[in-house]
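Please find the structures below.
Paired with chain B in one complex and with chain C in the other, chain A is shared by the two complexes that follow.
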Partner chain A sequence: MKSNREKIREFLGNASAPVKLSFLIMGSGHFRYGARGKGLIYLLIEISMIVYLIRRGISDIIGFFTLGTVHADAWAGVEGDNSVVMMLMGIFAWIVVFAFVFLYQQNVRSAYDLQKRVEQGLPVPTLKDDLASLLDRKFYMLVLALPVIGVCIFNVLPIIFMILIAFTNYGGTIVPPELVDWVGFDNFKKLVVLTKFAPTFGKILSWNLLWAVLSTTLNYFAGIGLALLLNKECVRGKAFWRAFPVLAYAIPGFITLLAFKFMFSYGGPINQMIISHGGTAIGFLDLDAKWSARIIGLLVNCWISVPSIMLLATGHLSNRDKSLYEAARIDGAGKFAQFWKLTMPFMIFATTPVLLGQFIGNFNNFGIFYFLRGGLYMDGYFLASDTDLLINWLYNLSIDNNYYCIGAAISLIIFLITSAISLVVYVKSPSYREEDTFQ
Partner chain B sequence: MRKKLVAACLLACMVFTTTACGSGSDSKAASKSGSDGTGSALFTGELEENVTIQVLENDTAISEGYFQELIDAFNEEYKDKGIQAVDANMDQYLDLANDGPYGYGPDVLYQANDVIMKYAEGKHILPLPVEDLDCYDQIPESAWQAYQTEVDGKTYTCGVPVNVQAPMLYYRKDLLPDDWESTWDKDSDGVPDMTENWSSMYEYSVARHSEDSSKYGYMKSLNDMYFASGFLFSYGGYIFGDNNTDASDIGFAAGEAEKGANVLSQLASAMNEDCIDDTITTNAYSKLADGTYFATISTPDVYSTFLAELEKEYVSEGLSEDDAAAKAKENLVMTSLPQLPESGDLTDGSTEMIDSKSMGGVNGYAISSYTKAPNACLEFVKFATSYEMTKLRAETLGVAPAREDAAEEVGGVSKEIYQNLDNGNIILMPSITEVSQIWTPGQTFFIDLAKDVYRPESEKKYTSLESMKAGLEDMCNQINEAITTLQ
Partner chain C sequence: MKNRITYKKSAGNLLDTGITYIILLVVAFIFFFPCLWLILASLSKSGSMYSFDGFFPQSYSLDTFKKLFQDTTMYNYPKWFLNTLFVATGSCILGTFLTILTAYTMSRFQFKARKPMMKATMVLGMFPSFMGMTAVYLLMTQFGLINHLWGLILIYAAGAPMGYLTQKGFFDTIPKAIDEAAKIDGATNFQIFTKINLPLAKPMIVYTALTSFTWPWSDFILPKLLLKEKNLYTVAVGLMSLDETEFARFAAGSVFIALPIVILYFCLVKNMVDSVSAGAVKG
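After this line comes the complex of A and B, so read on.
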């Protein structure tokens, strides 16, 4: 803190008038010290920022706070404000403002640097030099600029938008042309206060965690097992056998799910076989089928996910250090000891991030039970069934009702849970702690 | 060199994306100026000249060629005024509320009443001067009501009903017992009893199945709320109170609705487990054709699918295509739903019968608030709902017109449906958004009811009318919670 203050004092003492003028007119320091091209760019940035602010920036920022004041009425020909668009444009305006503040700061800093260079008799880099360095020393900046801008617009903006929605009353009957308002933490309060909510939330969360752990473990070991099996030297026609899981992988997930739903339905082939052998039809996925539906869900998810793990593992397995296995064999280690002491540590090290991705993917696996067993509300559950995951419940609560704000609030809670789990697991994992083990 | 190449590519991408953004904002700005000054007062009667009207029609109407005939006739008539109607060529599931304000979307749209009235809440469609239309007196009040909305104490009508959808009974004449005229026609009216009342249908279903265990009588999945809820309505149940506008009053358990649940449960007992999930709904076409099922219920718009499936079956039995088509047409019968015993018991032999009610919908035309030519649009709606066009639509598509004169002229099933609507036997789907919450709780109850029939005696939940009433009340509570909890 102190050093910052000292820096400022030093700057105020030493900076020349044109550099100080840069606070008011961007690029003036650059003009003074001969970097005209750069100075011109800074000046243009300032002018376009002022034009942007006048033309829409200021009204966008005000709109961000008010979320609209004029109610649209198509019958009366009143165009009105669209709160959702206003919020989006407001966020965009904030991003522009922050970007400008950054450039503004850069402008003063770089002008001051120029002054020092000139004072020390060093040559002043021209715009051409700067551009050339973008293709050379600072090439990373040039290459990263586009992705960063893309990420800001296509990832950061929607995420901020979604988070902010959780603090509004958007949804239900309040959709454009109605005006949306900020409501603070009301949505979160609602989730906590509702008595019906807590028991269902507890039940669904515990099943959701169990599901995520079980399905991730099952998929992971089944995938590695399949990869090891197909990696064995005695297996002939590996490419041929590998093609089958890949085929399952290539078919879109929801088609697979609908096919399995039909297989296990009352009129499906499995029940047909049972009936033709004199049995009675079994409701594998119906109302009373809690655990059989859950197990079918696990296995079907396995069917869909194992091929990708298998492909991943096949790649990693080929990177194993064969000499380690040779040494282990000489030391008398059996097949299982080799698997647990050599293969698994290596695989876990290499695949922890993927494993986490799988865990999060399974935690939020919307499709499985939506397609296999959607459209049921069970006794003891509030607008959910006993196979629904949090994400399905979120869908029932928010999308069917159009309660976007509540949906956003629940998503934030899910995000907190999953990010906490992934952070803890990742920080504790060998991939993070022993980064150089296998390098 | 390579770096320069990468840099050039990146620059090109950047330029490309910025131009894309630019053109987007341009079109938005352009459309803004166009949507100024619209309103119901705009129906001045002065036709806008040299305009093109984008019409969003029903997919079947387009594929069957009716829509082409309609716009050809309209364009011919209004050629000298320069008004032209064209296919909007947009998705049926468009979102007028979000797209309309930005100038995207049709001028005239043809949709189901619940879809259209969703737009009325946000005033995205215009209130129409329906009293001036020549169809006004021909369409029953209940159909108009489906398009009415109340704003500031005043009632507006936002759509013009065109055709009515309601469940119908499909059965195969050639699967009737040979001696049905002597054994299954007690009232000697030449119509088999099982297609006239559910008690006989149940009796026949049991008889047919016991004769040959692979054959069934009436079959229909219970899990479909749209078809199952009609049984509740017949005994006094309803969806929402105050003419389907008050979502705080949910009436699936009202009156003696439990009797309807009991009838459904009895019918399910003459089926098999397939009635618990949607198995029967998906295989009804082929199973009716191969004679496994004798009857089922469905909407009139799938008549052609049933017919085609039956034709195929006859052809596979060795008939020529023409003979098969004629025989299928002769044997596949679509008729109004059978009557129900007032007692709510299909087995007690009572002869006191009441009419079956059913859930239905009415499709119609509406005009977008964002159109630039409201008067020309209204002219198109007038033209498309005229007697000639409604009749042509009914004849081409086999749909039931909401106009009395057209229904009368087309006759047959169309007339029956019209009469059912007129008598109040078709409960039109509510036009308020809360209706989206009835489906899952309803489906769960009906699945539970069907499943109960196949549960072991000791595990049965619905053994009496009281328990069925309790089940229905549970379902109403769930719907109420779904609607109100997060409000």
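After this line comes the complex of A and C, so read on.
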């Protein structure tokens, strides 16, 4: 292995003038060695980058640091800077710059490669050859381009934005047209120091962890159990039995949740039956109904998520290697041995990502208590209730009450917790370490 | 002696079968009862939950459904329904396409950025889902896509590949030997994908299509944020705006939007559970 410095020295010694000119005018190396099409593309990239920088890129990047300097003044007719938009466009500009730097590197590197090829007398790949290699050797590049761009704009950009918001004073009375400023770690300090937030955070966090573990375990084993039950040889009319969970699966979650809310409400059928048998109505989801509301939430969540896990598990069960079972039978393995030694390891291998997804999904299950109980605010909690998960609190804080920067800081903390837990689980799971086990 | 064993075994089997069916009946009841309740409520004559006799209405008629489609001045349900259908279909097609491609690539190709990308998507998926909602809203205003159904499709489809892990798990379980055999026969990667793996992955495609259809179909946060005109509402937002006194109308609207997915599933159910790799590799 050569060190980077040696590589650079070698490059400077060997590279021809057109290749070096590629540093200034992208694509010139390609022109020199006959790859016109590619050269033209690189040249166009450089020109459009310069146009972008002049037209808005540079001012966007400056805006990212200042977050606006001109106060809006309706009397003087000054429009003023919108700090939030400036920040967003600033991040966008950074992404464009990084993409350009990457392409710039590629340009020099591939020009140098071309030079070497020509010197060794190898044929120069035409644009057509390059496009053809996209269908074969570099198929992954072609395929991943679109998803990566989409994810960058609609997932990465907003998330970066919110991470940065956690370090500003955006929120409360400071929203555009007021100017937002960078404040460093002040929001996190507030969370630790102010008694306003700390106790609520602790209480909600512990319930949230309990909830995630309980509901994930319940859903996962119920779902896999159901799939195995339906997969049994003695069950006739599998399609018929499977139709019931599927029916539940087909009904959109919010309808289920609202329906269950009606079912357990004071005027709902369950309370009507209690009353007609001489009892008094019970407020299952009422203000003081801490545990009954929590248990109803768990069961309703089970009702909603079990069918999807069951369907997935059925798909995986059908994808098992049947020859393994035959071999096991020949070797004299009984049904239980087959189940524990073949089915379960395979299922755990195939569904670890699902299990983890379920855990994260349940940890951040917004809908369940939002619909079942609505946005209740309780004593002892700051803008939250005793069934609320962190995500509900986040919603209450940032969307209902404009605590944007505090909300962003809390979501960063949530993120740190969940990512730490699941990264450990995932990296240790067999489906990540030994991808080829069942291939 | 031998007879005795088979006798015991068959008795055990009978018991096993019996218990299996009892559990199945209970499961069927648990899943079916709330649906039945909702369906019957949508057929109630009075429309209010307070006139019900326990779980079920006292008298039945189809009036609520008529009202749902004809009385559109306050709640334009037919329009909401078409909007939802458009958004869900669009994001289903785009999203499934992107997800399957991503999952396949991540499962079959070895390239430098692969592990970092897998880790990055894991990390991204760990952020609370609507943490970036404020930012998405601002972005959409910048692109001028507020109050456009296309904007919703774009967001749903762009977010879909993030959930590629399930599909990747599936592709991982398709034996690689088939690919290698095809490669020896001179197939390009593109051909291997379209001619071999895509047909094998049919159950997974159906699963992906279903999930990427049902997600926009029942989502309410994003449409609520991005669609401000009542005529552009999706059913989820529309139904949420219904008054509590309109329980029968809510039930009727719910039954009606659950219908297409149920039909869709029952058309595609075969693809989902057919055995996949049985017989694909011999020996």
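We take it that the second predicted complex is superposed on the first by the 384 of 439 C-alpha atoms of A that agree within 3 Å, B and C clash if a C-alpha of one lies under 4 Å from a C-alpha of the other, contacts with A are read in each partner's own complex, and residues count from 1 in each chain.
We take it that a contact is a pair of C-beta atoms (placed from the backbone, for glycine too) under 8 Å apart; a residue touches a chain by one contact, two chains touch by 3 or more.
Owing to the predicted nature of the structure, the values given are computational and were not obtained by experimental measurement.
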Contacts of A:118 with chain B and chain C, given as first, second, both or neither: neither
Partner chain in contact with A:267 - chain B first, chain C second, else both or neither: both
Partner chain in contact with A:135 - chain B first, chain C second, else both or neither: both
Comparing the two partners chain B and chain C, which touches a greater set of residues in chain A: C
Chain B versus chain C as contact partner of A:229, first or second or both or neither: second
Which superposed partner A:350 touches (first chain B, second chain C, both, neither): second
Partner chain in contact with A:377 - chain B first, chain C second, else both or neither: first
Which superposed partner A:276 touches (first chain B, second chain C, both, neither): second
Which superposed partner A:328 touches (first chain B, second chain C, both, neither): neither
Touched partner set for A:143, first chain B, second chain C, both or neither: both
Overlap of the chain B and chain C footprints on chain A, listed as residue numbers: 135-136, 139, 143, 146, 267-268
Touching residues (chain side chain B, partner chain A) in the complex: 3-4, 6-7, 10, 13-14, 32, 35-40, 97-98, 100-101, 121-124, 126-127, 223, 272-274, 276-280, 282-283, 369-370, 433, 436-437, 439-441, 443-444, 447-448, 451, 455, 474, 478, 481-483, 485-487
Touching residues (chain side chain A, partner chain C) in the complex: 84-85, 88-89, 135-137, 139-140, 143-144, 146-147, 150-151, 153-159, 161-162, 165, 226, 229-230, 232, 234-235, 238-239, 241-256, 258-260, 262-263, 267-269, 272-273, 276, 303, 307-308, 311-312, 314-316, 318-319, 321-322, 350-354, 357, 360, 364, 366, 390-391, 394-395, 398-399, 404, 408, 411, 414-415, 418-419, 422-423, 426, 431, 435-436, 438-439
Residues of chain C defined as touching chain A within the complex: 13, 16-17, 20-21, 23-24, 27-28, 30-32, 34-35, 37-38, 49-50, 52, 54-55, 98-99, 101-102, 104-105, 109, 111, 117, 121-136, 138-139, 142, 154-155, 157-159, 161-163, 165-166, 168-170, 172-176, 188-190, 193, 203-204, 207, 211, 214, 217-218, 220-221, 236, 239-240, 247, 250-251, 254, 257-258, 261-262, 265-266, 269, 272-278
Contact footprint of chain B on chain A as seen in their complex: 72-77, 79, 82, 134-136, 139, 142-143, 145-146, 149, 172-173, 175-178, 190, 194, 196, 265-268, 271, 280-281, 283, 285-288, 375-379, 382-383, 396-397, 400-403, 406
